[in-house]
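There are two complexes below, and they share chain A, which is joined by chain B in the first and by chain C in the second.
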Partner chain A sequence: MKLTTRLIRNLLAGSAALALTTAANAADIEPAVVFDMGGKFDKSFNQGVYDGVEQFKKETGLSYREFEVTNEAQREQALRRMAQRGANPVLGIGFAQAPALEKVAKEFPDTNFAIIDMVVDLPNVRSIVFKEHEGSFLVGAMAALASESGKVGFVGGMDIPLIRRFACGYEQGAKHINADAEVIQNMTGTTPAAWNDPGRGGELTKSQFERGVDVVYAAAGGTGVGVYQAAKDAGKLAIGVDSNQNYIQPGTMLTSMLKRVDVAAYNVFMDAKNDSFTPGIQVLGLAEEGVGWSLDEHNESLVSDEMKAKVEELTSMIKSGEITVHDYMSDNDCKVAG
Partner chain B sequence: MSTSNIELPAWIEILLIPILNICMALFFAGLIIFAIGENPIDAVRIMLTGAFGYDEGVGYTLYYTTNFIFTGLAVAIAFHARLFNIGGEGQAYFAGLGIGLTFLLLDGMLPAILLIPIGILAAALFGALWALIPAWLQAYRGSHIVITTIMFNFIASSLMVYLLVNVLIKPGSMSPETREFSEQSWLPFMHDVLSNFGIEVTRTPLNMSFVLALVCCLVVWIYIWKTRWGYALRTAGQSEAAAVYAGIKPKRIIIITMCISGALAGLVAVNEIMGVHHRLILNFTAGYGFTGIAVALMGRNHPLGIIMASLLFGVLYQGGAELAFEMPKITREMVVAIQGLIILFSGALALMLRPAIVKIWLAIRPIPSTPDMGGQHG
Partner chain C sequence: MDSLLNAQTVLSTLDATLRVSTPLILCAMAGLFSERSGIIDISLEGKMLSAAFASGALAAVTGSAWIALAGAIITSILLSLLHGFACITNRGDQVVSGLAINVLASGLTIVLGIAWFSQGGQTPALASEARFMPFELPLIESIAHIPFIGPFMQSVISGHNLLVYVALLAVPLTWWIVYKTRFGLQLRAVGENPLAVDTAGISVSQLRYKSVMIAGILCGIAGTYLAIAQNAAFAREMTAGQGYIALAAMIFGKWRPVPALLACLMFGFLDAVSIRLQGVALPGIGEVPVQLIQALPYVLTVVLLAGFIGKAVAPKAIGVPFVKER
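Right after this comes the complex of A and B.
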């Protein structure tokens, strides 16, 4: 949380002076957020958003409306109900909400909408997408640096393009460091239950360890908790995802791949409050500090200075365009340059 | 257990006992809501007005009801043949694939008048096909239908993820779904149909498959109780030995019944894919197949009971969503708990009150005429 707060402050520093002067006379807004199926306490993607909007609530004292969907049809219903109740802006979480949000945003042209993880091209919608492959590339490189066996593991939730993007970036990072690195991948399941199945996550991790893996990266929502536990039990290393998850198993979490959905969600609400909401597409990668990796008191002993230097070098190379991380979703194919 | 043989008048059996069960469930749900510091009376009021209070609520309630009628009927018809089909989820999912493949192939070429019946048939056919394999394994290899149908749910979901992510995905799309089907393949929405008659209602997912569901109820009722096939089905369910003695082939009954059951479950895909989403997506079944088991239990495997039970679940789904909107303290997990209590009291503990009611009834009933021991006549 501390890290989150700090980053938010940093990000806002530029506009803070302006924000403070306008905040006083900005009308009170009633923002709303519609969480997706994982639920707001998934310790990962949705919870990142939850942290961001809670931060907004704490700082401004403004409350927000929220809803957690439980089936496909509820997305549209929830978004429309929020708009009907006068909520503004309305924030939809996850790519699956895009068709529903597009429909509702057309019905309420005077309401501002925002969506994370997908692009909805309308004049009243802000679309925020992340370059998960860049962040995953960095943690893949770290995994390969930390691995003694040359084998690193990946545990995904469901086998969908978004998760393949994580896996593909990770593999590229690992192979950048060690061209012979072997990346063993498993997906947890084929139903949404896969996002919240720590038991199965743990089993998959154990079997990867038996095959020689010694660092494993989880991109599987709540399932990750089981992966980190298995790594702790076996004395191996794990890498968290989305939120900073280093605290979950201090000492065996190599790092976490950060996807700053909290900052994105916070900014949507804060911009609306400050009357500076802008529609359009925001692509947040390493250069925008939308993705990254975490270093805190729980993992500082695991990250050597050498490793840190290497990762920082890679970061600046990606930022400058010297390295381009292939995006799985650009052609639904993973080309790993060896 | 002596009271279980005593026949109660129909109004007690299908009206009074279910209502008392629901009241008990609501009472315990009320205690939980009270315990977390909300007003249970307000909660019930929000749930009911959310489900019935305005046209949008009614639309969503009936939209959910449609799904539950299909899966409830699917479970019920199998149950009359003593088959426990818990594969409704997979059958509905696979039926969605049937619709998807058909429309991806044909939707630009045919008019609505042909496309819609073809889509419905494809759903029924694929649903039936997904039930046929477990049925065959049960009939000819003795593999237990409960195990095989539940396994087939997993096979269906694996297959769908594979196909949608790798094969059928709209090129360049981030989310695993097909392209949108052409408008000729859409089932008309109820708000559009009603506006043709000059009645304006809010747009909701409710579509013409609701009518299809009611027709299915009638057809299933006629099939089970008014046809020779239905007689054979019930006989085989009651006693296989007697069925064989009467010249009925139980293996054939298993196959036919499961195919009908799978086809009915498959119609969920008509409501979801042809009626609402208009493209093939992942997880559109959202547990309706499993809830169908509770619906059939509560509805006593009778189409009329299934309509009522489906309506109740529709109210729980829509009213529950409304509750989560209005009372932030009531999370979706709470809503599931309340739904669980209602299933517990009206399904699992359905007969808990019966002995007591029988005693009361025996004490106050009018003088009985000769008890009818004849039962049903073929």
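Right after this comes the complex of A and C.
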């Protein structure tokens, strides 16, 4: 959390002075957020957004409207109700809200919308997408460095291109370190229920361990909790995703792939407050500090200095363009160069 | 191919089969007691979910797996009594009452979970001490050297948590109660011809209440297994339809304990196989898409149901409320 605060501060250092001068004039905004099916406390993706908007609330004293979607049909209804009640901006979370958000954004052209994880190309929508493959590349490299068996595992949530992008980046990272590394991949399911099925996540993980895997990476929302538990029970390592999840099972969490949805959500609200909301597409990668990996008191004993140095080296190589991580979603194929 | 069919893979698949079949077996036995007495029980799912929540919450608060188990059983029995009150005492529709319990459980567990723990309907993750942890059976080392049986015992039968063995023992116990005791005879009679039982001077409602309560106990154990033995916390909707699958398995097994056990094991095996086949290249076919693998259990179920099992005959008086006098 400390890290988040510091990062947000850095990012906003520039606009802070401006904010002070305009804050008095800007009408108090009424932001709204619509969480997706994993739920606000999924310890992962949605919770990252929650942290970001809570941060906004703490700093500005402005409250926000919120809604947690519990079935698919509610998305459009929730977004529309928010816009009808005068909320502005309205933040939609997750790729699955894109069709609903597109429809509602057209109905309310004067309201600003934002969506995380998907592109909606409209003049009043800000779309924020992340280069998950870059962050996953780093944790893949760490997994291969930490693995003794040379086999690393991946447990995805719902089988969609976005999750394949995580898997593909992870595989590239692992094979960059160890060309012979074997990456065993499993998807939990093909319906949104796959984001919330820790039992099945645990079973998939156990089956991977039986096949020799000793580090497993979960990109599966609430299902990940089962993956980390299985890793802890078996004394193997797990890698978290989206938020910093190291605290969930201290001692067996190698690291977490951070996707700064908290910063993205915070910025949407803050920009609106400062009257500087801009529509358009934002792509956040390593260079923009939009993705990364976490190091805190829960995993510092697991990350050797050597590993840290290697990851930092890879980070700067990706930033400088020396390494390009292939994006699965660019051609729906995962070509792994050794 | 080597990696697909070697002994280790087969053993670990069978091991996983037992793990995933356990809640199915317990629920199928629960359904058997209830339905043999003439009460349709589609509320297995709801009872199991409520029990899972009760055990997850109690284990988180008290830190004791045994208190959690007791609380889960009590919760599940209370729901059974509600079902009984609706359709034994008040002669309501058994399917409607069961469905109502399922809806109630689905909503209430989430609401209470959010209100009490503010973790989006989950209960806090549990430490090992508050769970039923796997253990090795005694004397298992001494038979490990026997070919075939040794490794089988060691990797498939041994190394589970207590509730898995409870589920396995529940089957012969159910068989014994239903077929070898006076209570079992009355139970079967009341499901076929309650009027005859009534004529013999035995209370139909009392018998039916007893059997739905036994169903409650078994569902309570199943829910506990899900929340604090297989996993380390309650998650919303964590039963994920297993209560219905158990019901199907029991009908598959024609309302008999041993065939129902086999049906549960078959469902569990298909599930375990579908987990292991993901991302594995099959000889001659290549890597099979995830979607196909996950549809496999359902496809096989339809094929087996249609082609091999034959007609399943339910207890004659099932679903019919007993009216003593007109």
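By definition in this document, the second predicted complex is superposed on the first by the 338 of 338 C-alpha atoms of A that agree within 3 Å, B and C clash if a C-alpha of one lies under 4 Å from a C-alpha of the other, contacts with A are read in each partner's own complex, and residues count from 1 in each chain.
Everything below uses one rule, namely that contacts are C-beta pairs under 8 Å (C-beta built on N, C-alpha and C of every residue); 3 or more make two chains touch, one makes a residue touch a chain.
As the structure is a prediction and not an experimental result, all values here were calculated from the model.
Novice: With chain A superposed, do chain B and chain C clash or fit?
Specialist: clash
Novice: Contacts for A:Asp159 in the overlay, against chain B (first) and chain C (second): which applies, first, second, both or neither?
Specialist: After superposition on chain A, A:Asp159 lies in contact with both partners, chain B and chain C.
Novice: Between chain B (first) and chain C (second), which does A:Ile248 come into contact with in this model arrangement: first, second, both, or neither?
Specialist: A:Ile248 contacts chain C only, not chain B.
Novice: Does chain B (first) or chain C (second) touch A:Gly222, or do both, or does neither?
Specialist: second
Novice: Please indicate which partner A:Met118 is in contact with in the superposed arrangement: first for chain B, second for chain C, both, or neither.
Specialist: Only chain B; A:Met118 stays clear of chain C.
Novice: Please work out whether A:Pro198 is in contact with chain B alone, chain C alone, both, or neither, and reply first, second, both or neither.
Specialist: A:Pro198: touches chain C, not chain B.
Novice: If we overlay the two complexes on their shared chain A, which of chain B and chain C does A:Ser207 touch? Say first, second, both or neither.
Specialist: After superposition on chain A, A:Ser207 lies in contact with chain C alone.
Novice: For A:Gln77, select first, second, both or neither according to whether it touches chain B, chain C, the two together, or no partner.
Specialist: first
Novice: Please indicate which partner A:Ala98 is in contact with in the superposed arrangement: first for chain B, second for chain C, both, or neither.
Specialist: First partner only, chain B.
Novice: Classify the contacts of A:Gln185 with the two partner chains as first (chain B alone), second (chain C alone), both, or neither.
Specialist: The answer is second: A:Gln185 touches chain C but not chain B.
Novice: Once the two complexes are overlaid on A, one stretch of chain B runs into chain C. Is it 41-49, 203-211, 347-355 or 365-373?
Specialist: Here chain B runs into chain C along 347-355, and the other listed stretches stay clear.
Novice: Please write out, lowest number first, the residues of chain A touched by both chain B and chain C across the two complexes.
Specialist: In the superposed arrangement, which is not itself an observed complex, chain A uses residues 39, 68, 159, 190 for both chain B and chain C.
Novice: Spell out the part of chain A that touches chain C in their complex, as residue ranges.
Specialist: 38-43, 68, 159, 184-187, 189-190, 193, 196-200, 202-204, 206-207, 210-211, 222, 225-226, 229, 248-249
Novice: Under the touch definition given earlier, write down the residues of chain A that touch chain B in their complex.
Specialist: Against chain B, the touching part of chain A is residues 39, 65-68, 70-74, 76-78, 81, 95-96, 98-99, 117-118, 158-162, 190-192, 329, 332.
Novice: If we count contacts the way the header does, which residues on chain B are in touch with chain A in the complex?
Specialist: 60, 63, 154, 157-158, 160-162, 165, 169, 171-176, 205, 272, 276-277, 281-284, 286-287, 317, 321, 324-325, 328, 331-332, 335
Novice: Touching chain A in the complex: which residues of chain C?
Specialist: So the residues of chain C in touch with chain A come to 3, 8-9, 12, 16, 19-20, 118-122, 125, 226, 230-233, 235-238, 240, 272, 275-276, 278-279, 290-291, 294.
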